[in-house]
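One chain, chain A, links the two complexes that follow: it is found with chain B in the first and with chain C in the second.
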Partner chain A sequence: MGIDFQNVEFKYSKKASKKQLDNINLHIDAQDEFIMIVGHTGSGKSTLVQHMNGLLLASSGTIKVFDTNMIRSKKIKLKPVREHVGLVFQFPEYQIFESTVLEDIMFGPKNFGKTKDEARELAIKAAHLIGIKDDILERSPFTLSGGQMRRVAIAGALAIDPDILILDEPTVGLDPKGKEELMNLLVRMHEETHKTIIMISHDMNIVATLAKRVLVMDKGKLVYDGNKENLFQNQTFLKTHNLDLPTASILAMGLKEKGLITYGKLPLTKEELFQVITGDIPNE
Partner chain B sequence: MNDKIVFGQYIYRNSAIHKLDPRVKLCVLFMMMIGVFLIPADNFILLGIAFLIPLTAVILSKISLFKYLKSLKQIAFIMVFSFAFQLFMPVGKNTTILTTLPICFSYVNIIVCIFILVIYFLIRRYLPFKFLFFLVCLIGIIYLLRYPILGKAFYTTKLDISEAGLIHGSFLVLRVFVIILASTSLTLTTKPTDLTNAIEWLLMPLEKIKIKTSIFAMMISIALRFIPTLFNETNKILKAQASRGVDFNEGKFKDQVKQIVSLLVPMFVISIKRAEDLADAMEARGYIPGAKRTKLVQMKFCIGDFIVFFVILALLVGLILGRCGLYAL
Partner chain C sequence: MFIEFKDVSFKYYGNEQNILNQLSFSVEKGSMLAILGHNGSGKSTIAKLIMGLLEPTSGEIFIEGEKLNEKIVDTLRQKMGIIFQNPDNQFVGVTVKDDIAFGLENHQIPRDEMIRKIDEFAKLVDMQDFLNENPENLSGGQKQRVAIAGALAMDTDLIIFDESTSMLDPKGTKEINQMIQTLRKNYQKTIITITHNLEEALNADRVIVLNDGQIVLDGTPKEVLKEEAILEASGLKLIDGISLINMIQNYTIRIKNKEEIIQALWELTFKM
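The block that comes next holds the complex of A and B.
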């Protein structure tokens, strides 16, 4: 179960010399994974995740998503795949179109054959999970703020109740507070439901705090697949693939250079840095 | 899907035709259109001279002939149709009749013809040379209708192909051919923005009667600029809604309407938002509708432009004077 990629290659057209995806091998479990995909602009991150729910189909190689072979054929049924794997695009607030928030969240489940009452139940559950208050549900989505609209859009994907939820840069364009709130909600949701979450992100601080597994894409190739600690230890690797360090790590390295602190393992988050400096676990 | 969707057919080459002032090119096309339809019927010599103008443009433009033929393909059907229509048109008694096509209808004949047509429409899309296939089918049907297959024909008639009809038909087709070739060489060698600039310049006299042509030109160029952008946005929304289970090909009619609404509403929201942003950006940079503006690319006539313009103008004037009866054409 889950998602399996084997020697996957993708080009926009047969004649194109540039491979958007180049020899990708990958397995993602249907439960308990929290994966961050990082990489430079144009490295193929979005192309990769679009293969996971059949928006794009591979030029060669095999992709298996929950027992469905994703091949280019007229008989292929993509709808069941999309029920298992939810995808939330960048700036998802643009996909909202219904007249009330609740109706818009119900749109997904209704498309997958749920009755009105079932859809309403799923929608309310998803709304609570992502922190949408009841009094907003009957309002028009177009009167909401950007952060709230984004939550509504993510709730729309959650209401389908997918096993795997993919988010393409969910925090881009939000203010710092909105960013943190959204990330905390996603983490809480992950802990409650054990759904696999795959997230594309440019923000190394988020990667350093949350990721259980990191995938690094560069020029269509999957160049790293593993935990975050090993990734951030290897400075030369980060440099060759144009990746940044988390802010806390940069600060820690600066302090070490001045001889102010010493550490065995590079601190990645501000909590870890705090611990290195004071020797204490932050109580706040 | 592809980011590099370019609107229009413009192909970049470093050629004399590309460098020719767009205003001149537009004027020449306009004069060509008038001229070609002023040429007296069946005067192939004058049409030949008219044909030389787009032909020079084609040769000088350094763009492969294949690209030109591609645009001709779109109207090839109409050309064949009007040619056939002219060919079989009964004309006066004075012309010689070249051949006569007997046409017989019998039940078997009609069934075979329908069969050919069905096959044509079924396999048409899988063939590379559609037009050739169309011609083969057409000739096949005409030949079939000559002889009654199996049993007696219940209706027979004959179609005369007269000399006049043949000449009329080919003249008409050649006339359309010349104009299409000329307008294709304009669109292939001129950027859409240059074209709008040229239209704006040519409409300048209208400013005298208080019609703000610059606003219309701005509107056209903005519309052209945003076609690829909106196309990309549509693609994004399509994918986002597909992830939410939208399938535009299945479901009851009521569901399908709903699914199209799920595409249309976001597109309206995006377009209005973009329009607002663009209006703000334009205002921030001091755009005032109708105010005098300077251009980034100054269009300047050079000697070549004048020569081309006046040669074509002279030809047109000569033609008009001839038609007025000053001398025999």
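The block that comes next holds the complex of A and C.
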């Protein structure tokens, strides 16, 4: 179960010479994964995730999403696929349109054939999961802050109760506190529900703190699939694929170069670097 | 003095609460001011007031010594360029070349000089290979760079960056920040950057932090960016390097090379 990619290739047209996805092989579990997808702009990150819920279909190769073979055919049913895999776009708050927060979150489940009462129940559950308090459920979404609106949009995807939730740069444009709150909520939701989270991000500090598994895309190819520790240790690889280091790692390397600290394993977070500097556990 | 705010307050008509409350600050000619604040702190309202798009409810704004009012707002506005948050909202030309030319045409510059200037500005923002491209086909960072070239073409003294990197990837952000330094050093532009990214304030001459429409911090980047409690209360977060410096300073047990490490962390943070 989950998502399987085998030799997947995608081009916008048969004649196109450029492969947007090039020989992708990948398995994603239906539970407990926290995957972050990185790569510079245009590397194929968004194209990849759009294949995971049938927004795009492969030009060749096979994709299986839960029980569905994702083939180009009139008979393919995308509804069950989208009940398993929810996708939240960039700036999802632009797609909010209902007059109250609750109605907006209920739209998804209603669309999937739930009764009004069922949809309401699912919506309230989803709202709680992503930290939306009851007192704003009856408010107009357009009176909310950017960070709150984004949570409403994410709750809309969660209300369908997907096994896997994909988010395309969920923190972009949020201020530092909004960013931190949203990431904490997503982590808490993941720990409570065991849903697999797949997140596209450019923020290496978030990757260094939270990712259980990292996928690196470059020119349509999946060039890395593994843990963050091995990824950030490999300077040559990062340079080849235009990837930044987390801030703490850059600072650590600078301090080491000046002969002020020594370490075996490169620190990835501020807390790890502090531990190296003090030889102790951070007192936060 | 390029810009001076004297006790400026602003609220929208019919609203009880002030969006900006008794702000006083000034920006020297050729310097860079960073205005930090969380989303909704009122920081973008400042840009609209400077541009004369909004009028203060009370207080006064002076631009190059002249009081900003209805009569002179059009003349003063010609001294200002603004780069917005959304790169898609600011193009007038069908090609990059047209877009840069628009500003030059407004100044009635002879054709030969115009061609030379378009080349100069396109090169400066590293877009010389895209002159005949439709701006719509460019990446976010490239679009913002074309907008900067457009502001240069208008020959404005002041350029305001209003959250102009918040929709860009790290590479685009870095490019814009490097460009801001070039505009200051080589073109003596006065820069105001409005942002919630503390990294972008590192190179400013002066930083002010806004919360609930009030200035809660005002000083050099080194003074302001270490004020953990006030920044946190203002919805902002310390940069990792500076956060580490605070952690080290508050640590009671002896740390080997403590002062050298703190010094090095400052240097590394400012180099980033």
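In this section, the second predicted complex is superposed on the first by the 284 of 284 C-alpha atoms of A that agree within 3 Å, B and C clash if a C-alpha of one lies under 4 Å from a C-alpha of the other, contacts with A are read in each partner's own complex, and residues count from 1 in each chain.
The definition used in the following text is that a residue touches a chain if its C-beta (ideal position, glycine included) is under 8 Å from a C-beta of that chain, and two chains touch if they have at least 3 such contacts.
For clarity, every value in this text was computed on a predicted model and none was experimentally measured.
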Sharing chain A, do chain B and chain C clash or fit in the superposition? fit
Just to be sure I read the superposition right, which of the two partners does A:Thr62 touch: chain B = first, chain C = second, or both, or neither? neither
Contacts for A:Phe97 in the overlay, against chain B (first) and chain C (second): which applies, first, second, both or neither? first
In the superposed arrangement, which partner chain does A:Phe142 touch: chain B (first), chain C (second), both, or neither? first
After the superposition on A, what does A:Gly156 contact: first (chain B), second (chain C), both or neither? first
Look at A:Tyr12 in the shared chain and tell me whether it touches chain B only, chain C only, both, or neither; answer first, second, both or neither. first
First (chain B), second (chain C), both or neither touched by A:Thr240: neither
Between chain B and chain C, which one contacts more residues of chain A in the superposed model? C
Closest approach of chain C to chain B (Cα atoms, Å): 5
Flag every residue of chain C that touches chain A in the complex, lowest number first. 38-40, 85, 139-141, 166-167, 169-172, 196-198, 232, 235-237, 239-241, 243-244, 247-248, 251, 253, 255, 257, 260-261, 264-265, 267-269, 272
Complex contacts: residues of chain A adjacent to chain C: 40-42, 145-147, 172-178, 180, 202-205, 242, 244, 247-248, 250-251, 254-255, 258, 260-261, 270, 273-274, 277-278, 280, 282-283
Show me the residue ranges of chain A that touch chain B in the complex, using the header's touch definition. 12, 50, 53, 55, 78-79, 82-83, 86-89, 92, 94-97, 107-108, 111-112, 142, 156-157, 160
In the complex formed with chain A, which residues of chain B make contact? 1-2, 233, 236-237, 239-247, 261-262, 264-266, 269-270
